[in-house]
Structure formats: C-alpha cells, structure tokens
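This structure is in structure tokens; I'll ask about it shortly.
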Amino acid sequence: MEWQFFTEVLVGGLLSGVMYSLVAIGFVLIYKTSGVLNFAQGALLLFAALTFVSLTERGLPGWAAILLTLAAMTVIGAAIERAVLRPLVNQPPITLFMATLGVSYVIEGAAQLLWGTQVHGLDLGIDDLPLEFGGVLVSSFDLFAAAVAGAMVAALTLFFRYTRIGLGFRAVADDQLAALAVGLSLDRIWTAVWTAAGVVALVAGLVWGARLGVQFSLSLVVLKALPVLVLGGFDSIAGAIVGGLIVGAVEKLAEVYIGPFVGGGIEGWIAYVAALGFLLIRPSGLFGAKLVERV
Amino acid sequence: DEQYFPLQSYRVGPYAAGGTGFFGGFIDYLTLVNTRDGGVNGVKLTWDECETQYEVERGVECYKRQKNRPGVAAWNPLSVGIAYAMIDDVGRDKVPLITVNHGRTDSTDGRVFKYVFPLLLNPYSESSGIVNYIGTREGGLEKLKGKKIVVLYHGSPYGKETIPIYQLLAEKYGFSVEQVEVPHPGNEQQSQWLSIRRTKPDYVVLRGWGVMNPVALKTAQKVGFPADRIIGNVWSNSEEDVIPAGDAAKGYTAITTQASGADYPVLQEIAKTVYGAGKGNLDDKKRIGSVYHNLGIVNGILNVEAVRIAQDKFGKRTLTGDEVRWGFEHLRLDPARVEALGAKGLFHSINVSVANHEGEGRVTFQQWDGAKWKVVSDWIAPDWALLRPIIEKSSLAYAAEHGIQVRDPAAEDASN
Amino acid sequence: MTDLALEKTAAAAPHRASPALLGIGALLIVAYGVLPLVASEYLFDAILTPFLALALAGLGLNILTGYAGQVSLGSSAFMAVGAYAAYNLALRLPGVPFLVDILLAGLVAAAVGLLFGLPSLRLRGFYLAVSTLAAQFFVQWVFNKVGWFSNNSPSGIVTVPPLSVAGLPLDSSAGRYLFALGVVTAVTLAVWRLVESPTGRALVALRDHETAARVIGIPVLRVKLLAFAVSSFIIGVAGVLWAFAYLRTVEPAGFNLDRSFQILFIVIIGGLASLRGAFLGAALIVVFPLLLSRLGEALLGGLFDSGVLEMSQRIVLGLLIVTFLIAEPAGLAALLDRLWNRAWNWISGRFRRTG
Amino acid sequence: MTIHEVLLSLDGVEATYNHAIRALSGVSLTVRTKEIVALLGANGAGKTTALKALSGLLPAERGQIAAGSIVYDGEDVTRRSPAELVRAGLVQVLEGRHCFRSLTVEDNLIVGGQVRGLDRAALRSELERIYALFPRLRDRRRIPAGLTSGGEQQMTAIGRALMARPRLLVLDEPSMGLAPMVVEGIFAALKRLNREEGLSILVAEQNSTVALRHADRASVLETGRTVLDGSAADLRDRDDIKAFYLGFGVGSSTAAATTPTAA
Amino acid sequence: MPAVLSEAFVSPAAGTVPSALAVEALSLSFGGVTALSDISFAVAPGEIRAVIGPNGAGKSSLLNVVSGLYQPDRGRVWLGGHSFAAVPTDRLAKLGVSRTFQNLALFKGLSVLDNVAAGLSHRLRAGLFAQVIGLPAARRERAEGYARAEELLAFLHLDGVRDRPAGTLPYGMQKRVELARALVARPRLLLLDEPMAGMTLTEKRDLSGHIRAARDDLGTTIVLIEHDVGVVMGLSDRIAVLDYGRLIADGTPDQIRNDPVVIDAYLGVAHDLEAGEGI
C-alpha cells in the first residue's frame, strides 16, 4: 500500500513537473538569444490565455480565437523588439531584465484593460478524470499536458538541431556587438524568438488556464518555472523538461514525506532550495552552457 | 449635508474579482439610497475610490489622503492587512473601521476595540458555523464523534488564523481534525490532495483564497474526492472560486452570510433604479446578485442603517465618525426590519452592541449546481459559549499590551 | 597624445563638487528644518517615511548589486528579518533601548544574509539571482509558520509598540519621520564612508574583474560575504523603519517578492553603484505612482472607474521604466548628471561670453 | 549592383558617446574600390570610433553621429542596419577580438558565413580557405573560442569576417597580439585578395610600419580629426612627416625612451 | 628558502644567486591540447626575461600557472624561496608578485586612480569598522595608498585621466593603467603579458623605458611576453622561446636571434628588428 502511495506521489509530481516545464520553455527561448531572464513571460502567458478566452466568450470559434491570439502574440513580439530590445542592444543583462519587468507591467495592464479583471473558466474539452493503473491514480489531464509539452520540446529540439539558426541564437546571446558585426539580423531574430515565446506562452497559458481558471494569478506560475530553469540550465530546452521532472518530483515527495514534520507548506521554497543545492555541484545547471572565461 | 464613504478599493491585481464585486455592490447600494431616497434623511451619501491593489502601503496612503475630506462616516477596506495598519489611526481619528466577514477576531470585543467592527462574521464564528453545519448534515452534533475532517488552508496569516479554533472544536465534539497548508498562491495542490486521499476524511473544509479554490476543486476531482464533501469558508464561496473549476465544482458547498441571487427586492430595485438609469457600477450585468456583489450590498445596508440610527440620536445632519461609531454599536436589524429593507432572506439579522461588535450574525450554506448557488441550509448560529471566552482573553491581552482602558458596556449604555 | 582633450573634461569635474555639497546641505536643511514644520500628516505618513525606508533598502541592495555586482531578488526577506527581529527584541528584552534593538536587528539580518550569501561563492549571474529567491520564500515561510516570531498572534499580523527613543515619544507622524530621517542620515553617511574606503573599492573590483581582484590580493571570498552581510544589515534596518516608523504592523505578506522587485527597481532605475541613485529611485517609486493616480483621477476620474485608471497607470509606469532605461541605462543619477553638465556648460558658456 | 569608384567616404564626421563625450570632431576619409587604406593615429585618436561609426555599430555603444556624412556604395550608412551593411559587403573585425566565446572556433567561422546562406559543401570549402590561412585554427576548431589563446582569438575574428566574403574589409588593429610571422601572413593574404578579387581594405593600425608597407594610402587622425591624408609611399619615405605624426625616430619625449638595442 | 636549488634554477647571468622565479618540469594540457610540456627554466633577480613564441605556444598559460590561475598537471613553481605544486593566487600579491593580463582586466567602473590604488589591496591592515569610522591609522593608510598611486600615474603619464572611469579610456591607455596597477605595489616579480599590444611606436618606446626603469630603480624581476621582436631584443637580458608548449630555446637576444630553430618557428626568415626598428 505504501509503495503504491509513493508511486502515486512520484507520478503526480513528475506530471506536475511537466506543467512547470511548459512555462520554463518560454524562458529558455528568450535566454538563448539575449542572455536575459525574461520576467514578462508570466504576463505573456496571462495575456495569451485571457485573449483566447475572451474571444471565445464573445462567440468566436476556437480555431479563429487561436489564430487571432497568435496574431496578437506576433504583434507583441514585434513591438517588444522594436521598442525595447533594439534601443537596449548591447546593454548588460540586468538592464534588460529590468526592462522585461517594465514590459510585464505594460502587458499585464493592457490585458486587464482590454479584457477586464474577471475570472474565466476555460474548458479545453479534456476531462480530468482519474485513470487507474494498478491502483495508482493518474490524471488524464496531466497526461494530456505532458503530451503537449513533449510535442513542443520535440519540435523545438528538431528546430534547433536541424537549422543553423540555433547557432546564430547562441552567438547573439554571447556577444551582441559581435553578432551585429558579422551581420546577424538581431531585429529579425528577436522578433521571431519573442513571437515564439508568445506562442509557447499561449500553449502554457491554455493548459494552466484550464486548471487555474484564466485570471491574474496565472502570471504567478512563472515562480514555479524558475527553479526548473536553474536546475536544467537557463539555455537548454532538454534541461527545462528534465529540470521540471526533478522539481516536480522533489517538491511533491518533500511535501508529503518531510512536510508533516515541519508543519507543511514547504512546496513554495523546497524547489528553490533543492535547485540551490544542486547548483552548488553544477553551477550552470544540468545542461546549461558553462561559463567560458580565461585570462 | 453629506456623509462621505472613503473606499480603499481594489480593482486590479490578483484579488480584483472580489474587489470589483464588493465595492461595486457597496456603491450600487449607496447610489440606490441617493437616487431613491435622496440620501439618508436628506443627507447625501458621497464616496470616492482609492485603488490599493490589496497592498497595505497603498491602503495606508489612501487612508491618509481620504481622511482629510470632511464627513467621513466609516472605513471599509475589505483587507485584513490594511485594516490592521489602520487600527491605531482610526482610534486616534475616532472613525469606525468596518471589516465585514473578516478582520481581527478579537476586535469583536468592542470594549477594547472601540472603533473596529468585524460585522456579520469573524473567523472564529465562521469555523464554528461550519462545524455546526457539518453536524446538521450528519444528523446532529453528537454524530460528529469519530468523524475525520481535514482543513485545507491558505499558507498565510489569514489561512492559519483558525488552526487553534478547529482544534478546540474537534476536542469539544470528538471528531479528529488534520490541518493541511497550501503554500501561496496555491496553484499546485497535488501532494496535499494525495495526502487527503490517503487520510480518507469525511469532510474537507476549504479555507482558500483566490486561485487556490478552483485548483483545490479540480485537484479533488483528480484524486476522486467528491465535491459535495468539501465545505468552503467565507472567502471560498464566490462564483469566481467555482467557475474556473468547471464541472469539478458541482456539488461543492460553502458558507455565506448573505445569500446570492438577484431575486431579493433590494436587488430588483438596484437593477431597475440604478442599472436602469445606467448608473450601475458593475461592467458586467450578469454579476448582479453574485456573492461579492451581494456582500457589498449587505455591507451598504449595514453602513447606511448605522448612519440612520445615529442620525436618530444626533440629528439629521452630517455626523462625525464617533457618532457613526455609536450608530454601529446600536445597529440592531431584526428579521422584520431586514424585510422592510427589501433584504429578507438575503441576510438574516444583526445585533451589534458595545461588547459585541460582530452582531451574532448567522450563516447559511449554499451549494454550487454548475451554474449558480442554491441555499441548502437554514440560518445557523455559531457556538458563542465556546468562542466568547477565547476572544475576551485575546482582547484583554491586547488591551494590557497597549494600555487601553476596557470599557464597561453597562455604564456606556446608561450614559447614552 | 590626446591628453589635452582629456584634461579639458577632467578639469570640469572639480567645479561640480561644490554645488553637490551645497545641494546636500540644502536638502538636509529642508529635511530636518523645514519639512517637520510645514509638512502635513499625509506627506509624512504616505510619502516621506516610506520614501526614507525604501531609499534605505535601496541603499543596502545597491551595495550588493550595484557595487559588488551580485544580483539579489530576495531583499525583502531581509527587511522581514529586520522587522521581526526588532519586534521580538522590543517585546522580549524590554529593558534594552530601541536604538540598540535596531542595531541588533540589523546584525540578525546580516547573519541571515551571510548564510544566504554563501552560494554566491560559486554561482554567477541569473543563476545566483534565482537562487536568492530561496531566501525570499524560505524566510516568508518561516515567519508564517513559526508563531513565536509573531508572539503567537492568531492572525500572524503583529502590531508594533509605539516608537520612543531615550524616553522621548516619537509616535506622531512627524516624530516617526524624524526618527527615520535620523537613521537614514546616519546609515547613509556610513555607507558613503564605506564606498569611498578601500573596502568599497574592493567591492567594485570584485564586480568588474574577479580574477584580477584575486591576483592583486583582494580576499575575494571575504569581500563577497561582507557585501552580503553589510547589505543585509542595511536592508534589515530599512525593515525596522518600515515596521516601526511607517506601517506599524508587520505581516509576512508585506515582504513579498513584489517588494523585492520594487527595491531592485529602485536601485537600477536610480543608478547602480550610486548613493544618490537609491534616493532618486525611491523617490520615483514612491512619488510617481501617487502623482500618476492623482493626475489620472483629476483628469479622467469622472470618465473611468478606478480600475481602468489603475491599469492605465500600470501601463504608463511600465512604459516609463523602459523609457528611462533606454534614455540612460546607468540610471537617474547619471541622467541628472548629464543634464546638469549640459546646463553647466551652457551657463558657463554664457558667462564667458558676456563676462 | 553599380560599381562606385569611391566605395566608402566619410566627410566631416563628428561623433559623441552618450551625447556627452566627444570622440570625433571632423573625420574625413575615402576608400576607393580595390584600394588598401591605413588609418593611423595615437591612442585615443578616434580610430575605433570612426570604424564603428562607418559600420553602423556606434548606436550599440551608445554613440551618436553628430554631424557629417558616411556613404558606402552610394548609400548613407546611417540609414541601414549593420546587418544590411554586412550583406552589402562591408564587414568589420572588431577591436579586442569579440569572439563568440562559448561557440567553438569553427562555429564562430560558420556564423561569420551565415549571411551568405551557403550550402554544406560551399561552407566546407570556405572553412578550408580560412584554415589554410590560419593552420593553427584547424587544430583548435572544436575548442570554445573563449578558451583559446589571444592570438588564436584574433585569427578567429579575422577568419570570421573573411567568411562573409566582404567587398570592403574593415580591420581594427588586426596585428594586435599576433606573432610577426602571422602578421606578415595575414597582410600577404589580404594583399592577395586585394589583387585577385578586388577586395578593398580599411585598416586601423598602431603598427604603422607594417600598415604603411602594404597600404596604398593612409589617413592620420589626431584627437578625433583627420590631420593628414596622402599616399602611403609619401608617409613611408618622408621622415619629417613620420617623425611629426607617427613619432618615428628622433625627438622622443622621455629620456628613458632612448633604450639602446642589445645588438 | 629552499635548501638546494638544482643547477638549472640558478641564473647564469648572476652566478650562484638564487633565482626569483623558477619553474621545474611544468606540464599542462587541456583535453587534447598540450599547452605546456616539461618546461624548466629560472629567472635571476633583477633580470628582464622575455618569453616569446608563436600564437598558442603556451606563453600565457605559463604565466597563468605561475600566478596560480591554472594548475599544472605536473611540475613545480618556485617563487621567492617557496615551492608550490599549485601557486595560491590569494597569496600571490603578498609573495611580491604582480601581473598584467593579455586581455584587459581592469576594473572598468573604477576611476583610473582607484584602479591603481587597488593594486595595494593586499597591504591593507585597517578593518572595515576602522575605515568607516575613519580611525587615524585607516586614514593614513588610505592617504598613503593614494599618494603612491598618484606617483605612478605621473610616472606613466596618466595623471590627465586620473578621475575617468577606466572603461572609457582608449585601449592603449587602459594597458598603461594596468601596468600602473601592477607596479604600484613595488613587486619583486612582475609578469607582463603583452603589455605593448595595440600601442604606437612612441608609446612602446616610452613603455620600454618605464619597464627598464622599474627594474633599475626597484630591482624588480620582470617576465615579459611580447610579440614585437624589436622591443624584446632591445629590452630583455634573456629570452625563452616556446613552441607547441615546449621550451625550444633559452638564451641572450643574440643567441636567440641567430638560432635557426627559433627563426623557423617564430621569427621568420631574415627577420631584422622589423617592427621595432625605431627603438
């Protein structure tokens, strides 16, 4: 019985972890091309989900709503490139980080101004009924989310593996001035990547929105993604998945088996502490690029 | 003459849904009184809003700004944190501070907290009301013996506040209680619910906040825990808490001090007079009669009636805050008066006194049927005999710590 | 050799020192002499006191992030530590003078900061930044969880005792402002001495080139930890001001991630590695939203409800952050310097022509 | 594409950093097709700033062109992005190497060729061309560029620029940190490209001996101003000019500087 | 002081005086790349020793080993009478060793004066408290540090830019600031990695003078990596030549100039003081 429960917690944890990965991937995309932690990812997520839901609530069919939302994410991506990234090219990461914070205010404000502050339900038509495998309960919705995440990672990995664009991305993240000097079109790369991050945000926003309801708190799921990022490495898509699995499992197991001894509620920080402990052994995460420095 | 209600509202941020509903209802009622009656005995009601985003510092800033306008009747922040930060100031400025359905439990003892009013319900009587309701469902309080109840609470001071009282109630009625924390904001509850599934409790009491509620309901469904055995507390009882959970919320039951629905005469009037004239405060008319909106309306009734009662004593003019405080301390609305106000069934009655700033409010329970809330219980009273001593112990300790002279209710009533 | 050109720019520098001193003097006179007499309660409680507390927190974080180059996203945790430590010291050691409490509270915060600074010995950049969130969430959790810290108050929110120093009650708005001002002046002076000292130089050296710093004999590990400790000390003291001089209540939720970002924001918008920057940034962060909301209300209040106004303000604030960063990534301090230089050149140009 | 005889011309260019620090106050120079021009000047004379200005990189350093015009291939460069300029054949080797540190040496070169969208085979042969020029790089091609030696990084940076097959190659102190034989090799190779493929070259150099030996013409900057513009042969041969502008030979400022050679 | 020094570590120029720096059988490789292979040589006190060699020969790696930034796979380093398998970088300055870097390693945000004064960091005695309060000892220490730094600025003609942030100086000047930072501590051993890269002839000439003066006035031993053969020949007492991590020659400038192996590997044919002809 006990092992069954353990398995259940473990599986539940792994599957929640995949949900974190969904969010983390958006961060990875941006980090890979600008070396910056994009704090607006949460706001993008909120904006995407809110736009989609509000459009469907106004009677649009699902596919049209998706298309319109995608268009909106493209516009946002292009706008961010033009108004924020281009003028701040070659600035230190901390400045860009702060700028993304500013961007997140704008997007959050715009989302709520546009669509209001109501809480919306979102039904993707996927039942969340428990499936039982040998006495272990597994949520069908979580399996669906895992499949979505898997598909997304596969697509992105293939993209990076089989196009030379990936190399350009890394070059941009490494040294923006040199990237300009060799003729990489930072504007195009950034627009593309931010749009892609917007698409990832839409997917993550829909999956999370189906679970939390579409509301302001949606933007807080990024806090779950950050330990995943440091654990997997900021610039690794595979890291986002593996990191998510580890974080999810650690978090749930700790809450269930350690929580009761310290009063519970440790999920909020245990992932960070675990990630920290891990970083002390590998300072750039599981799959993150190592810092290259010599004198 | 004007009577001014400063509103430290929040329409942005994580708790915007509650804020728009509550302050919308409050404003709608004030508007109704102004348009229908020309104010309270000719004294016009005014208000303005100051956005706090539910943040304490912003609430403080609003307080300092808004208090300078003359004719302040009462403060209604709808935020524990802001209320705490104002307690000193309202005492000095002598204006009542209304914390309907929430706030500092021991401020129920008006002998110590002269200007603070946790009207309708404080966290302790809420907990007691929930246990009493479970008792009635089981067929009597004595049937609680041997039952197992899990309290799933939000990882914040608000969530933790009732831990001791549930412990006490468990001892008294012989059920076992396990209290499980969900870390803020509560968007992940897998482990908590798996533990609950293992514990196999008879009931889960949901003491949630914001996004934690729909997630709890969804996760419960995921682990196969039936929704009708989950009992929500007063901040887990709104449409916003259940709609995002979809079908998972069907059958979920929650406490309330005021029924939802728009069938009550006062709401009909608001819909007609206020919204009909395009002066309604809610953007979305569908939300008329929702839980937060109705709470705002009830809060409006209580404020207005307190002013009215005070006017009876002090004259039909702009009152000082202290005079309004007197009105609140004599706020007695029996069911007949409630009916006269067009709110029969919307809330039960209230009976505030110097010693009791809560007002013995009764609660009822409503169940979500997938589209709306349906009342499923009578009006239930909390266990005052159990609670009052604990409250007094705490308030007297506060008085000692802050050098406050405890008032003597008998003497006060005699002097008035 | 272009030394000639260089000398010209260098020569302009000494002129600027005296106006700066004059400016500081004038500010101090206004802060100590004029404001207490003329300011309203609103000005004290809603603007000046929170400004002072946040500026101090910014100053503290600036040592760590601006000078030593270690980004921290968990600074409000140390504010919380300072606030709760001072509360408990005042509660449990009633005989100890409050000024000593503050000092001790700062030291407690420094100790906690030191602990959470240990990872910095190995981590860099955003890896370190995200790791500091561990402090943020852990500390908040502890204060939530352990009732002892809030004297077992059922709601977890505590109300601090009235402020008095050396028997002198400072419980009025002006009194609390003056108290905060005194603390901030003293700490700022000390910080100024610190950053001008060889140790301050070592902090910057560490930030700019760790290897070179090690080679020239700067004890890198010690200096890094020192930065964490000093920074946490100051942020802890800021937390004491926040709790005792400003809000007068303490709850863990008041020291959340948003507050940490707010402080970081102060430092970056104000100007990294600049003392003035912390004050300018805090002024912007405290005053600007108020200004915006008052303005919005006055202009558009009749047309829109407060929610719409608030969201528009959020957008404006976001745009402003970005605009400032673009105009001058080095912050308001540098921006002002530049404007001042331009004005100075213009004035001196005028003067020379006419004189 | 029309062939302009004057490939690049700067006219009275003034530039500032951060709207405050004036770095250039009147730089004029021209590069004609198939010409090698040397840009000379002391430390801080403004060579780097001028080169960044003409390849559109100044904004990225928070610099501004305050006055004057820069025309490349008949078009104003300020109206084109650096990427467009690279595609139009103007490629710069930055001062201080600026390799992509975490990319391997070979990836650095590949990124350099990316603007041309080469297929696999063409890419290979281009790489071979670079490796032939810098055999050292072939050994190091799998090492992150950031870990290679200073000279290897400099070779990587130059190789990366050559991968783009520029029409006008702009070099900022290419000889820095390179062994003398390598410097000779590079200049010989550049000269060959210049002769055989008509590559135009603008090179800023401290090592004026080498630069003057290979250049057709030279411009000398002093405190952000062009003070001399003439044929390299003149500069090479006329000792008075050399002494005055470039500090050759007699009349040095410090006594200690008259170090006797050990020979 | 080590009791016995093998013959190889005794500078031939100075008879039997113990060496200021000696390396013994150093080997270092990175993955497949051999950066140093079995290198041994010694530098006599007061000597100016150049290290030359093709790009990637291992010159910088050698200095990095001597300053403890790299750990050799095998071999030892003798510094000021102590022998180390791995030189402790933290104690380097106290051992009287300072260095400059091939790629600039200035503190960009600090003023030129502070950069130079930072070179004295290892000497500081006063604690944080003393510095903040301004106790007399701390004040004296600080003033002395700045006085010394100012001297050096004057010496290297940097006084015109003393208050500028070092990061905004042109390249060549930054190199000079770095030299000043290394010199300010009056090191017993000074390691210079291409100090003259990116300088004009005049500047190189000046700098050569300064380096020589440092040796003459302070008796500093200097190890110098430089690609400008003219400068190297003119300045150094002895020259070590590395190629592919091996020491292929070690001798006086004349010996090196005519060594066919060196000509082959590094100098090129008939190389005749090409770059530094003015010196």
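Think of it as A, B, C, D and E in the order they're written, each chain with its own count starting at 1.
Just so we're on the same page, a residue touches a chain if its C-beta (ideal position, glycine included) is under 8 Å from a C-beta of that chain, and two chains touch if they have at least 3 such contacts.
What you see is a predicted model; the values in this text were computed from it and never measured.
Considering the contact criterion stated above, the chains in touch with subunit C and with subunit E alike are A, D. Contact with subunit B and subunit E alike is made by A, C. Of all chains, the one whose mean C-alpha position sits at the greatest distance from that of subunit C is D.
Interface comparison, D-E against A-B: more C-beta pairs in contact at D-E. When chain centres are set by their Cα atoms, the one at the greatest distance from subunit E is B. Centres computed as Cα averages put subunit B at a distance of 37 Å from subunit C. In this assembly, the C-alpha centroid of subunit A lies 31 Å from the C-alpha centroid of subunit C.
Centre-to-centre, using mean CA coordinates, subunit C is 46 Å away from subunit D. Chain contacts: subunit D has residues 21, 42-45, 147 touching two or more partner chains. Contacts with at least two other chains are made by residues 112, 117, 263, 265-266, 268, 293-295 of subunit A. Residue positions of subunit C touching 2 or more other chains, listed in rising order: 1-2, 6, 9, 141, 144, 211-212, 307, 311, 314, 329. Interchain contacts (touch definition given at top) occur between A-B, A-C, A-D, A-E, B-C, C-D, C-E, D-E.
Those residues of subunit C lying in contact with subunit D across their complex are 1-2, 4-6, 9, 329, 338, 341-342. Across the interface of their complex, subunit A is touched by residues 11-14, 16-17, 20, 155, 180-185, 187-188, 190-192, 194-195, 197-198, 210-211, 214-215, 218, 221-224, 240, 243-246, 248, 283-284, 287 of subunit B.
For subunit A in complex with subunit E, the residues that touch the partner chain are 294-295.
On the side of subunit E, the complex with subunit A involves touching residues 60, 64, 69, 101-103, 105. Subunit C meets subunit B in the complex at residues 41-42, 45-47, 50, 141, 144, 150, 154-157, 159, 161, 246-249, 251-254, 258, 290, 293, 305-307, 309-311, 314.
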